[in-house]
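Paired with chain B in one complex and with chain C in the other, chain A is shared by the two complexes that follow.
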Partner chain A sequence: MTSKILIRNLYKIYNEEKENQFFALKDINIEINNGEIVIIKGVSGSGKSTLLALIGALSKPSRGDILVENQNIAKLPDIFSSQYRNEEVGFIFQSFNLIDGLSVYDNVKAPLVLKNIKQSELSEKVEEALKLANISHKSEQMVSNLSGGEKQRCAIARALVHAPSVILADEPTANLDRDNSLLFLEILKKFKELNKTVIVATHDVIFDNLTVADKYINIQDGVVL
Partner chain B sequence: MVNKNFIDFSVVLLVKDKKEYLFSFFIFTFIVFLASSVLFISDSLKHDLHLALEKQHQIIVTNTKAGKPALLSTEHVDSILQITGVDNVIGKVDGYYNFSQDRRYFHIVVDDSLDNNSMIISSEIKSILKKFHYNDEFNFLTENGIISLKITKVMDSNIISNDVVLVNTDVARKILDMYEDEYSYLDVSVPNNNEVDFIALKIVDLYPSLKVKTKNDQQSDYEHIYYYKGGIFMILYIVSMISFFILLKNQISSVFGEKKREIAILRSIGFAIKDIIHLKFIQNSIVALCSYFLGLFLAYTFVFIFDAPLLKNIFLGNDFNHITFTPSLDIRTLFLLFIFTVIPFLASILLPAWKIATEDMSEVVK
Partner chain C sequence: MSLFLLNDIVVFLFIEIILFVLMFISEFSVLRVIKHWDFNASTTFQYSLEKRNYLINTIIYFTVSVKLVIFVFFVKSLDELSPLVPGAMCATGVVGANSYGNILLLFKIFILFLLGIWIIINKLDLDSKVFPYINEKYYLFSFIFVLICIEMVLEILYFLNIPLSVPVFCCSTVFKLDNLPFELNTLGLILIYYALFIVITLSSYYKNNLISLFANMLFLFTSYYSVTYFFGTYIYEVPNHQCPYCMLQKEYHYIGYFVWFSLFLGVFFGISPYVIESIISKKYHLLHKYCIFFTTFFVLLCTYFVLSYYLRNGVLL
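The block that comes next holds the complex of A and B.
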């Protein structure tokens, strides 16, 4: 399943109605169609990561709506927004956000442990995701022993394991060398083949003029240009 | 509803952080061990004392002369027997023999199943006599000469029997230098429990110099024996409490720092606040329950199998070296211990975990 995302009059204000009030996002209106690859560009502190966190229901907007398949995720209580993240969203973070001390396999299976599925089915899904991210050969390794590129692939496998319709990638190449960054672009093509809706927040020039990208959104000071 | 995969994953995370949890595990086990050892010892002592009390009649009568203990006579027995409501009065021979070589008193108690040449002693007395090379027999030195008795049996020492020497009535009279018509105390039997206090008053009316103790009075006396130990109890409990607060502080701080990031990661992949609480509950329940039952097991072994070395001396002093604690478990006490240790232990991790899980995670996982 893929999701159409509609963002209307979205605001994120920190310290609202206080002296140090700060507008992280101001009146954002975006429409993202199913299966599109969207690149959100902007310098550090422009609000692109905040926008990604709001689309992923990691954070609540101050005002406005985020409709994913006509469901307003901005207004969902925790239990449903968590369910939305667990079923519809896969995150790839700049710092990978893997759990140190666990193996690649255990990190990748984490989103599935909330589902009441058989052990064999769980293993099958994890193996499939590991294969898709080309990290099967490291499945028993501790993530702390992996290189940056391998950690990235482990994070990708974790983002894919529960077959989400939306992939959110926040500065996915910031901690990668050029070769691994190029590899990530190849993975974007794979996402496209899988008909995933992908939103990448980045300031890396490597994402400029990509043929695989359907839309570019530029953000500056919390406003879409 | 928590599924098996979730429980497995919780255990995987627990094993990952085993070093941090081991600290909590050991401290918690120590606290449960210390607290339950104290409880086991006091329960065991109370159990033995109450058991001894149950075997006694409703009223015990002793005599005083010029405010000091004195013997009773057959006349006392006959007079008390005349009081309406008294079923029987038995004169008992009982007293203390001064073993001056070791500055110890032996409690001479009557057992008429023994013959004139034999005695039964406690293991504590046995060890004292052994020090003075009395192995199979012992000579009581009295004003009327030496009474030599064979040791036919050694019984376990407990709080009652620790200093006891059992001999028959005739031998006891000789050792204690008592005549045929003299008694150490009287055991008064009253069939109707409601009349016990009334009859006790009547006995005092009859003989103002007599001391009359009902079963209830004796029970209070036994409980008073342990009141002076209150300070020791207090110190042990304070040690437990301080350790427990250290443990709670460790628990709370363990949720912050790296654990906060871990919670944020789990939240980002779809764990709801309730899932985080479940996860922490499972992990800490495993630690708390394992610690609790290990602490109980160690305390049980320490008190009832090894007879609580060190702690025994704190409780009973140095005169009770060979005492055996009768196994006695008060489920209500163990339940209270569970409530006052396991519940705060779980709360100390669940509350901060809940607080962190409700925070905005987007900044933490950036």
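The block that comes next holds the complex of A and C.
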């Protein structure tokens, strides 16, 4: 298997060299192969979300390297970070981060709007993503009228629509009931079939001992155990 | 104090001081980047430099852009000062009111040229993922900053020393036909003007940076005299009205701004490919087409006034 993501000596330090200096991540070294599903486990404040934000180029580290397909994304200038996020990464957030005033279809379409693609191709991609996330039947509904589970599936469709190679999910089941959480696990299997590299940060026990997961990483106080 | 002759001057100097302070602060970080930048390092210090670089680059880009824009404001303010300076009929008298005026104007044009080069190198640097021209870009900025310090001093000296009681010379005295260089006559001057235009167009078309550099430098020199002593008379429609500044006034529909700025932009885009290649060792031919566009616009605009006058009156001045 080829290495998709390689993290070397990664640190994230807040208020560096000040009295209230805080190490959110300390000397993290991780290797994730292409198509792997990785579960990052840890209690709140352990550094899981910080790690996801760094892999997603949403913030910069204080030290160390994050190589995604041999490209150090930690060193990318802002404009190229945006390009990387737009092309390579799909995000699924705990609080969904959907636009309430838009329909499901328009929310899913959002990542493609800035890409110069034909309307017919755009519709095709959106419909395919809606189908994969099992939310096609609600495509015309306003997001504000959806249940938590439906919102999460809409967010999954949005994360998939631009065909990213990496999907980052931050506490994806935190706002879901058990049935919807189990549904998310089914969707993880679909990601596996699609050969997506998926990193899930969670403290939910429902992710324990999953057959679909390739790797578990436990984090405590910013350190990989 | 002559500094407070006009609100425009006060506003202009206020903006200049703000820009100067921003550049002064940025320069400290620029020196730090020049000294310690190592893009291959993943250390805390390098990451902090990268963050700082993003900030100072944005500040410098902003200040440089504003400096380009306020040059127009500076020229307009000079023109508006003319009713307040005894003897001055246009900006000629104001610029020549003391020994600093002409030096300041030339200095400003030179700095504008360098700022334009900086913007292009900055664009090329930011277009890449690895900041390949960061050192060249900041060395150039540091050089420009030194010039801006001198410019600031010149500006203050100039505005403080505009005489309010001693009459200054007006354009009819300053610009006389016998002032043409190398004992040229008007016909010779105009022939050189059009010949250089052809050379510039060909050198830009064939992307020859060196010929374009020399041809544009000569063209700038020739055009200054051609516009002042020949084309200008057709803009004013008065045979002995020879002035590069009066055409900036409302009576002439501010046509001078179009004339001079198209000339400066054309020359800038003609010279800069060679200068940029010398600084960053990379060919950047895209600028040649802008050179052809602006130079052609300038030549057509100047020629239009001559043809228009001839067609309406059946004679030349």
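Everything below uses one rule, namely that the second predicted complex is superposed on the first by the 222 of 225 C-alpha atoms of A that agree within 3 Å, B and C clash if a C-alpha of one lies under 4 Å from a C-alpha of the other, contacts with A are read in each partner's own complex, and residues count from 1 in each chain.
In this text, a residue touches a chain if its C-beta (ideal position, glycine included) is under 8 Å from a C-beta of that chain, and two chains touch if they have at least 3 such contacts.
Just so we're clear, the structure is a prediction, and the values are computed from it rather than from any experiment.
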* Could you check whether chain B and chain C clash or fit when both are placed on chain A? => fit
* Please state, to the nearest 10 degrees, the angle that the Cα centres of chain B and chain C subtend at the Cα centre of chain A after superposition. => 40
* Does chain B (first) or chain C (second) touch A:58, or do both, or does neither? -> first
* To do: Would you check which partner chain A:97 touches, where first means chain B only, second means chain C only, and both and neither mean what they say?
  => first
* To do: Count the residues of chain A touched by chain B and by chain C, then name the partner with the higher count.
  => B
* To do: Scan A:158 for contacts with chain B and chain C and give back first, second, both or neither.
  => first
* Asked: Thinking of the overlay built on chain A, is A:79 touched by chain B (first), by chain C (second), by both, or by neither?
  -> both
* Asked: After lining up the shared chain so the two structures overlap, which partner does A:150 touch, if you call chain B first and chain C second: first, second, both or neither?
  -> neither
* Give one of first, second, both or neither to describe whether A:36 is in contact with chain B, with chain C, with both, or with none. => neither
* Asked: With both complexes placed on chain A, how many Å separate the closest C-alpha atoms of chain B and chain C?
  -> 10
* Structure fact -> The shared contact residues of chain A with chain B and chain C are 60, 78-79
* Asked: If you look only at chain C, which of its residues touch chain A in the complex?
  -> 39, 42-44, 47-48, 50-51, 54, 126, 129-131
* Structure fact -> Interface with chain B, chain A side, in the complex: residues 49-50, 53, 56, 58-60, 78-79, 82-83, 85-87, 89, 91, 93-95, 97-99, 101-102, 106, 109-117, 119, 122, 158, 162, 170
* Contacting residues of chain B [partner chain A, same complex] -> 1, 3-6, 8-9, 12-13, 16-17, 261-262, 264-275, 358, 360-362, 365-366
* What residues on chain A touch chain C, complex-wise? -> 8-9, 11, 13, 16, 60-65, 72, 74-80
